[in-house]
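These notes are about the structure you will find just below.
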Amino acid sequence: MTYSYYPGCTLKNKARELDDYARRAAAKLGVTMEELPEWQCCGGVYPIAKDEIATKLSSVRALMAARDAGQDLLTLCSACHHVLKRVNHDLQTDEAVQTKVNNYLAPEQPYTGETKVIHYLEMLRDVVGFENLKKQVVNPLKGMKIAPYYGCLLLRPSAVLAMDDPENPAIMEDFIKAIGATPVAYPYRNECCGGYVAMEAPEYACKRCNAINASAASFGAEAIITACPLCMYNLRQNAADPLPVYYFTQLLARALGVEEDEA
Amino acid sequence: MSDTKRLKEQILAISGVNPRKCMKCGKCSGACPAYDEMEYHPHQFVAMVEDGRIDQLLASDSLWMCLSCFACVERCPRQVEPAHLIEGVRLALIRQQNQNHLHAEDIPPKLNDALPQQAIVSAYRKYSK
Amino acid sequence: MQVNEKEFKPLIVAFCCNWCSYAGADLSGTNRLNYPANVKIIRVPCSCRVNPMFVLRAFQRGADGVILCGCHPGDCHYTTGNYYTRRRMTLLFSMLDYLGIERDRTRVEWVSAAEGAKFAATMNDFVATVTRLGENKRLEDLRCKKQ
Amino acid sequence: MQRIGVFVCWCGSNIAATVDVKQVAETLKSEPGVVFAADYQYMCSEAGQNLIKDAIRDHKLTGVVICSCSPRMHEATFRKTAAAAGLNPYMVEIANIREQCSWIHKDKAVATEKAIILGRAAIAKVHLNAPLTPGESPVTKRALVIGGGIAGIQTALDIAEAGFPVDIVEKQPTIGGKMAQLDKTFPTLDCAACILTPKMVDAAQHENIHIYAYSEVEEVKGFVGNFSVTIRKKARMVDPVKCTGCGLCTEKCPMKKVPNEFNLGMNNRSAIYIPFAQAVPKVATIDPAYCIKMKTGKCGLCSTVCEAGAIDYTQQDELVEEQYGAIVVATGYNPIKLDQFDEFAYAQSPDVITSLEFERLTNAAGPTAGTLLRPSDGKHPHTIVFVQCVGSRCDGGKGKSYCSKICCMYTAKHAMLTREKYPDTDVYVFYIDVRTPGKNFDEFYRRAVEEYGVHYIKGMVGKVAPQADGTLLVQGSDLIENRQLRLNADLVVLAAAIEPDASARPLATKLTASMDTNDFFTEAHPKLRPVESPTAGIFLSGACQGPKDIPETVSQASAAAAKVIGLLVKDKLKGNPCVAHSNEMMCNGCSSCEKVCPYGAITYVDKEFRMPDRTTAIRRVASVNPAVCQGCGACTVACPSGAMDLNGFSNSQIMAEVDAICK
């Protein structure tokens, strides 16, 4: 299986390991990730305003490039996934956006949301299959109690993101089971970490992260996994007594025995 | 048309929200993780925009406290989408002259080594035009 | 004659089955949901009572659009009538299309007795669509034309 | 040429405010054939009807056009009026100038013009009307009630008491329905079982009632007065005649790990079971999905211990066909599934329960023998939070747009009973609105607040977070105090919306009875005919028509019974004369019409015809049985030679309407 891959700004920089591990694990699983040749930043947040077009264009370029390559678009960072998926949905459903975007970009073939945006976790679940993944695990993370942290961007609004049940998701739990560890159920896995207020008002983000971290710890979690560099930052920097936080791809790589391949 | 009326129409158009769908159950504010940080809560945004009491909202810090986590959007039984409305109010302010909440020159002192690019990009997107 | 789109008011003949759609039309009236006055409803027991002849006659006599409304598939008061309607009209409409009566001038829509809002919305949409198409002259019998 | 009278109704101001009724009458007076035209304030009033009658006599009218409300409203009224004046009732046509004209248009000129055109179409049709005489059909003096809850039981008892035989078809092994699962009933707090079970026994013992328990309606044929219904008696693997209901088999059955649906899965039952002690009929049933004998062929213990020899592992489903004159739908409701609302953590914590589960937890016959205990650890809860409107009043796809009506009252009941029995318990109710429109209802709710100290909080819960210590953190709005309230609760009870039973939709299709978008059965008229379906002979009882509490359900059940009795006392029913007929001279015997007829009303006969050359020939021609034909008209369109036509809606009549509209 070959995907067009959209890494996003942070994965080229502060969150390089999220990307690295993902690529190595994918190679082991027989999935090819072809990075889009000229991707641009998605903007970090989805432009909610109905009249915003320009801020959606960079996403459309990425979506269109995947369409032209005849591939689904694979994402990794929660924020990029959220933005790309929602912009794509706008292109599928909002005629005004469709017209304006196509007038502006004037592509040879108008873009109307044909690309399928798929998150790395969804790829593991729906394409590789967790049962199959389990078979390929060489270092099962036995006994490790892991709290999955979804945050807000992966799940909501569920009508558009459609990844999993927005209030009682299972995809990360199933992933944790597949790599041999034990998922820890706790109620704040889908609560916001504070997101972009981290820079403006770190003390406010602290409150959010403390609640999440403490809840996970109270249920006996030894570590937290996330798919989002900003959640990672917040949970590490802004929680008191923080549990170790990993990108899910790092534990995936560890379980598949490819974590230490590269020095 | 009065300024308030024009502002209200602008906010409704930007956000695509119809505040009249609200049945005042307060579920948005019951779900909101930013509740304690806010002077005006999500359900009040809906009521106050509909009421035309927008100046109070524009003057309040509550505007900048919404995390756009969409918990209210997800859980609203009437599909009002309060987070979209709050964004509409925010933009109604930011799009006016000299109303950026975050300025480029403010950023460097707030940075640290671990802060991901994403945080800067999204904060800038949320707080400035 | 130049048809001014703003002033042109198309004549729409709507055949409504007695059990669902006619009741749906009544409900949109009860709820005071507006739709243009140029829609005139003819009550039939079932949408399957509508003979293709009636549709042709309407166009011949100067109608600009014809719409059939019946119960939702599976909910026909006579169990299977609307299935016949669906098949007959698919055939008829494609033949009319061939004759130059555009597809958008003819429509089959399922409206239940509870869907007053849908009835009004459907009529508004249909009138708007036919208005865009302008006057129908294809099948019109000029002998029937008012002088 | 007909002599037509036109009568334009003002309907008070309903029509007259937007339609110039005088002008309509004046204009239509000059239509060909119209010899009389008048307008009047209320044509359906006695004075209005007298106006029509007098005109028919004085002007020797042969046809009548009434420009008024929908024919669905008053066609029958005006036909009777005409008949009273000696005119054939089918010489009356209605022009609908209220629902389809005055109520939807605002501009008086536009509405008046349309009213005139609608009037013209009706006049054009009347010109081609012919007097019709309805045929008669016999009435089978037996009723079928589908669903054996309190609604079905009450309807059946009332019909049976009037002397007509009734069959109840119930898909569960016992009758009783939802009410059998309840503990107490509002607003009187009498025990549900104490008032229901005697009725169940009455039904079982009534000489006019036969109960088909564990059975379903398979097929429905026929029409009002003459329904033929196939009932599937599902195999119980137990002979209901031999079984004494002693319950020994259920004790001895080794398979005891079957979720007990009567207790909503909160405890287990055996694979052979009797749903509850007061079940009617009190007969054991084998659950083939769990029975070891049925699955593996080994075991057979129940058969060994049954002294009556009632167990029969080879029993098969049985189909029986019965004839009925009337059918009553009483299929009831269910709470919705809460998959879409897991912000309340129903799937994540056993201590988040539905109100119906709470009902079982407080019922003496329930899984905890009536002691209120938390499902997770069996401990007594000290703080209980009730959440109202879970899935009710919900726009969009997740829940139900309607108010479920019963939740406010049963929650007040739960809260009150909890406080009465366990005064050390704190009880909170999160509500959006408290809706108590019923006799003694608001007083009841106020008692919960004032006498029992239940905390009512205006606002909705946003999230329920199960904590590591086993409590539930309930986070919700307190709109009056303008704060976000966070409560540590031991038990959270969700007032789940109610929806029609899943069996209702396929049943409606079998009955050709219409439903609304929520799958509630539609009534013939929302105010004036609330217990009849628009389909003749089908009646509605209980929550299948809309959310209802017990008093309302019972009232409606009795009302439906009264309607059924009114039908069954008749020996003959006047049929609908608007049926198809075939012009034998034109029929070529092709069978096209026979193939499309859903009722099998068309047969072919060989008939002798005189040919133009004075010879005779035998030709095969279609013949319509007017008692069976329902008048849909499918055959009229299928007929290639134009021989088939429909009384009251003939080809020429409809064409005349088309012509009049397009003129």
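Letters A, B, C and D mark the chains in the order given here, with residues in each chain numbered from 1 onward.
The criterion applied here is as follows: a residue touches a chain if its C-beta (ideal position, glycine included) is under 8 Å from a C-beta of that chain, and two chains touch if they have at least 3 such contacts.
Just so it is clear, the structure is predicted and the values come from calculations on it, not from any experiment.
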Other chains in touch with both chain A and chain D: B
C-D or A-B - the one linked by more C-beta pairs in contact: C-D
Chain with minimal offset from the mean of all protein Cα atoms: D
Maximum centroid distance from chain C, chain identifier (CA atoms): A
Chain B and chain C, separation of their C-alpha mean positions in angstrom: 46
Approximate Å spacing (C-alpha centroids) for the pair chain A, chain B: 25
Geometric centre distance via CA averages, chain D-chain C, whole Å: 30
Junction residues of chain A - those touching two or more other chains: 167
Residues of chain C engaged with two or more neighbouring chains: none
Where chain D touches two or more other chains, by residue: 343, 463
All touching chain pairs, where touch follows the definition stated at the start: A-B, A-D, B-D, C-D
Chain A contact footprint on chain D (complex, rising order): 339, 341-343, 345, 347-348, 463-469, 473
Residues of chain C that touch chain D when the two form their complex: 11, 13, 18-20, 22-23, 25-30, 32-35, 37, 40-46, 48-54, 57-58, 61-63, 71, 74-81, 84, 88, 112-115, 120, 144, 146
Touch list for chain A against partner chain D, complex: 165, 167-168, 185-188, 215, 218-220
Touch list for chain D against partner chain C, complex: 70-72, 96, 98-101, 103-107, 110-111, 113-114, 117-118, 121, 508-509, 512, 514-517, 522, 534-535, 578, 596, 598, 630-634, 636-638, 646, 649, 651, 654-655, 657-659, 661-663
Footprint of chain A on chain B - complex, ascending: 13-16, 33-34, 36-37, 64-65, 67-71, 73-74, 83-84, 87-88, 91, 102, 107, 110-112, 114-123, 125-127
